[in-house]
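We just call them A, B, C and D in the order they show up, numbering each chain from 1.
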Amino acid sequence: MRVGVLGAKGKVGATIVAGVDAAEDLRFTVGVDAGDALTAFTDSDTDVVVDFTHPDVVMDNLKFLIDSGVHAVVGTTGFTDERLAQVRTWLADRSDVAVLIAPNFAIGAVLSMQFAKQAARFFESVEVIELHHPQKADAPSGTAVRTARLIAEARKGLPPNPDATSTGLDGARGADVDGIPVHSVRVAGLVAHQEILFGTQGETLTIRHDSMDRTSFVPGVLLAVRHVHERPGLTVGIEPLLDL
Amino acid sequence: MRVGVLGAKGKVGATIVAGVDAAEDLRFTVGVDAGDALTAFTDSDTDVVVDFTHPDVVMDNLKFLIDSGVHAVVGTTGFTDERLAQVRTWLADRSDVAVLIAPNFAIGAVLSMQFAKQAARFFESVEVIELHHPQKADAPSGTAVRTARLIAEARKGLPPNPDATSTGLDGARGADVDGIPVHSVRVAGLVAHQEILFGTQGETLTIRHDSMDRTSFVPGVLLAVRHVHERPGLTVGIEPLLDL
Amino acid sequence: MRVGVLGAKGKVGATIVAGVDAAEDLRFTVGVDAGDALTAFTDSDTDVVVDFTHPDVVMDNLKFLIDSGVHAVVGTTGFTDERLAQVRTWLADRSDVAVLIAPNFAIGAVLSMQFAKQAARFFESVEVIELHHPQKADAPSGTAVRTARLIAEARKGLPPNPDATSTGLDGARGADVDGIPVHSVRVAGLVAHQEILFGTQGETLTIRHDSMDRTSFVPGVLLAVRHVHERPGLTVGIEPLLDL
Amino acid sequence: MRVGVLGAKGKVGATIVAGVDAAEDLRFTVGVDAGDALTAFTDSDTDVVVDFTHPDVVMDNLKFLIDSGVHAVVGTTGFTDERLAQVRTWLADRSDVAVLIAPNFAIGAVLSMQFAKQAARFFESVEVIELHHPQKADAPSGTAVRTARLIAEARKGLPPNPDATSTGLDGARGADVDGIPVHSVRVAGLVAHQEILFGTQGETLTIRHDSMDRTSFVPGVLLAVRHVHERPGLTVGIEPLLDL
């Protein structure tokens, strides 16, 4: 499989080029950055292009790739419902082309959320603890809020977490996200970590995800590169590739 | 739902009676122990009977319950393929009756294994660490061996765990179960715990199950009691009830 | 060493009797409960008496034991400064007798706090996470508050935890105990657990204590029984026995 | 305090320069690399020099610094007993100069070992689990072997870990280091981690150290820089600075 990269000289792009180079079954064709012609991809018979660029240019990139019959794996942010609808319209005319757009390529994070949804109904209690470096501005993290909401959704109709707390200090029991307590820990030396703790009589189940560095998106991007062609049209998120 | 218990005076049976009593949607009818007549169940209009007895008597119990149109949830051990076939034959004549036989009712343990199977293909590395009290005779635990085999099965065709170990001490890298390293920790104060650790570039995913006491089978038994009637015929394991 | 137990028929007392019986170097002499004569201890040549009784009777017990030259290990609660002063007065006349009174005999809990104090000055950040069963009424736990205060005391004069949180939900960052964030998790299946998380550039240190059942005070009581005679007079807490 | 760096252009040296620059109470004076004159330190009134260079040059560096009355903090490897004796001889003539040589500046690692030694006598069981990236050549890690030996030393005279294992697979119970089981986990995505697990009746105590990246030596180097002058003569290891 022949793979090109858009934004190849950026930090993320360079990491993806290195990941493609290291994969025996993938072949890096060409990197394209601001100012380069997109035709470099068609000239080099590229099968799939990875786009981690900028919301300002990603739509033009996609128009070109779809028109040229090149599959795309996109990590660029800023995809509103309107943008997704536009991409679908373009793809309607090219039933042979596949585009995958995902907000998160870290497989461990995506699986964590899937497992949390599956487990949610079978335990009396569930809480989320997320732990990050102290430079982080938001608490809880966006991932923790999304995780708690997915769990709350899956538990609809079930009784709330039991909790006999009657005296205490403000904040001890965490933030309340749709009824699920979420605790945010900020400690120097940490990177990005999340623990989902389920419990019922006599047992607990913990799902923990640790991101140790900023390259944890690479395996998910390569997974998408390998399988995107199996799903013509638009796919949002890498979950459909995981066959859960 | 009206629930009876076979072996009600045993330690496990008594725990189940307490669990049924504590559940608002279930009603305990009658307990039957060695020497008592099984007709106590039919006399009391029992819908479901839970059997945690002994391999010597469980087949007679099942024959009676199936013939009487009473559903059964069975945690008694010793079910060979022959025994399961026999139960299926009995059930063939009673299409309204449901029997569920499971080797493990701890929901956390069952979900751990399911999640491990689902995650297995998406990570470069996986190892299993099981931790138990030091009175345990076998190492690794049966659950850890089963978990490692399920993972190995799911990874068929993928490269083995990377491992550059070239010098070391015997045993440091654990036991090899179908290519998956399994480590057995025995420490006073522990009960029964298992951690499945997956990793790929820049991230790890950990699935941990902690059994804190010997009542962790109760929620799974009650789940089976509530849903067994939805699955006439024989069901093996509680996995089908979890809708994964 | 010959060991007697006050309150021997209570749950805690019976556990201590069992612990003494199981220890090869200790010999159980006699148990005394409400209505029994304290002279049973002197009649049986008891060296050390363990008292887990009630604030209403413990002072009378101690008066008798000190006057009779019997060492005492006391887990009964309710010791005010006045009571401790009274015990010291009694002991002033009996320089051969030793009394140890401790609020917590769980060695793991005591060591956790000691280590936390020692580590506190060497890390930029520290937070406390305590996890308990959902029947607990107070949040944070008394132990977590005490731990946070000891840490805050040891960090006097150092800069506070770095924390760039600028947007968030109420409670996400936990309770503030003298500047140390404390998070209280309440999940079914848990017993009593506490994690102290320290971090600085590139590394973290975690001290975790897990109480799995209500017998975790036994090893600390036996340690005190074995060593109390080495410290004539009054000792408060088991820390001095740990030679840290 | 005015701080110079030997080997300032190397990876480690550059990280230390950055650490000194970021510390408000320290002032970076000058970096010296192969080919530069050591007099740059005296010319710039440097108080303390940090040396992370090479065994081939470190002794010459130290001779110069000691003769010039400049304190030294040394992370360079290869210090045999003979070399340490030589440094002591040089220092005998300069009672105003302090040299600190340490094999490990990661404060979390050093504290882990100290706490392990302190806790070792109070628990029935102890095991060590070390977890690293799969490119590591040795199993167990050097740190894990050293930790296990320290624990074994502290437990001399006590009964061995209880262990009823009678059937099992080779390697399941880990490597035996002076009677302490050590387990080595190798998983992609990990960096360098170690867990020391102690247990006794009803409770466990876990000391865990996580190294997230290769800059975790910086806080320990800065600690040594700040306090080395308080200890004229030779100090080996950063433990004496920790006042444990």
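FYI, contacts are C-beta pairs under 8 Å (C-beta built on N, C-alpha and C of every residue); 3 or more make two chains touch, one makes a residue touch a chain.
Because the structure is a prediction, the values reported are computed rather than measured.
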{"item": "Smallest count of steps, each to a touching chain, taking subunit A to subunit C", "value": "1"}
{"item": "Copy pair subunit B, subunit D: interface residue numbering same or different (half cut)", "value": "same"}
{"item": "Pair exhibiting more inter-chain C-beta contacts, A-D or A-B", "value": "A-B"}
{"item": "Separation of subunit A from subunit D, taking each centre as the mean of its C-alpha atoms, in whole Å", "value": "38"}
{"item": "Whole-Å gap separating subunit B and subunit D, where each centre is the average of the chain's CA atoms", "value": "46"}
{"item": "Centre distance in Å when subunit A and subunit B are each reduced to the mean of their C-alpha atoms", "value": "33"}
{"item": "Two or more partner chains touched - positions in subunit D", "value": "123-124, 189-190, 198, 200-204, 210, 212-213, 216"}
{"item": "Sites on subunit A touched by subunit C in the complex", "value": "123-127, 129, 131, 134-140, 161-177, 181-190, 197-204"}
{"item": "Subunit B partner contacts - residues on subunit A that touch it in the complex", "value": "19, 106-109, 111-112, 114-115, 118-119, 122-124, 198, 200-219, 223, 242, 244"}
{"item": "Interface residues, subunit C side, partner subunit B - complex", "value": "189-191, 210, 212-213, 216"}
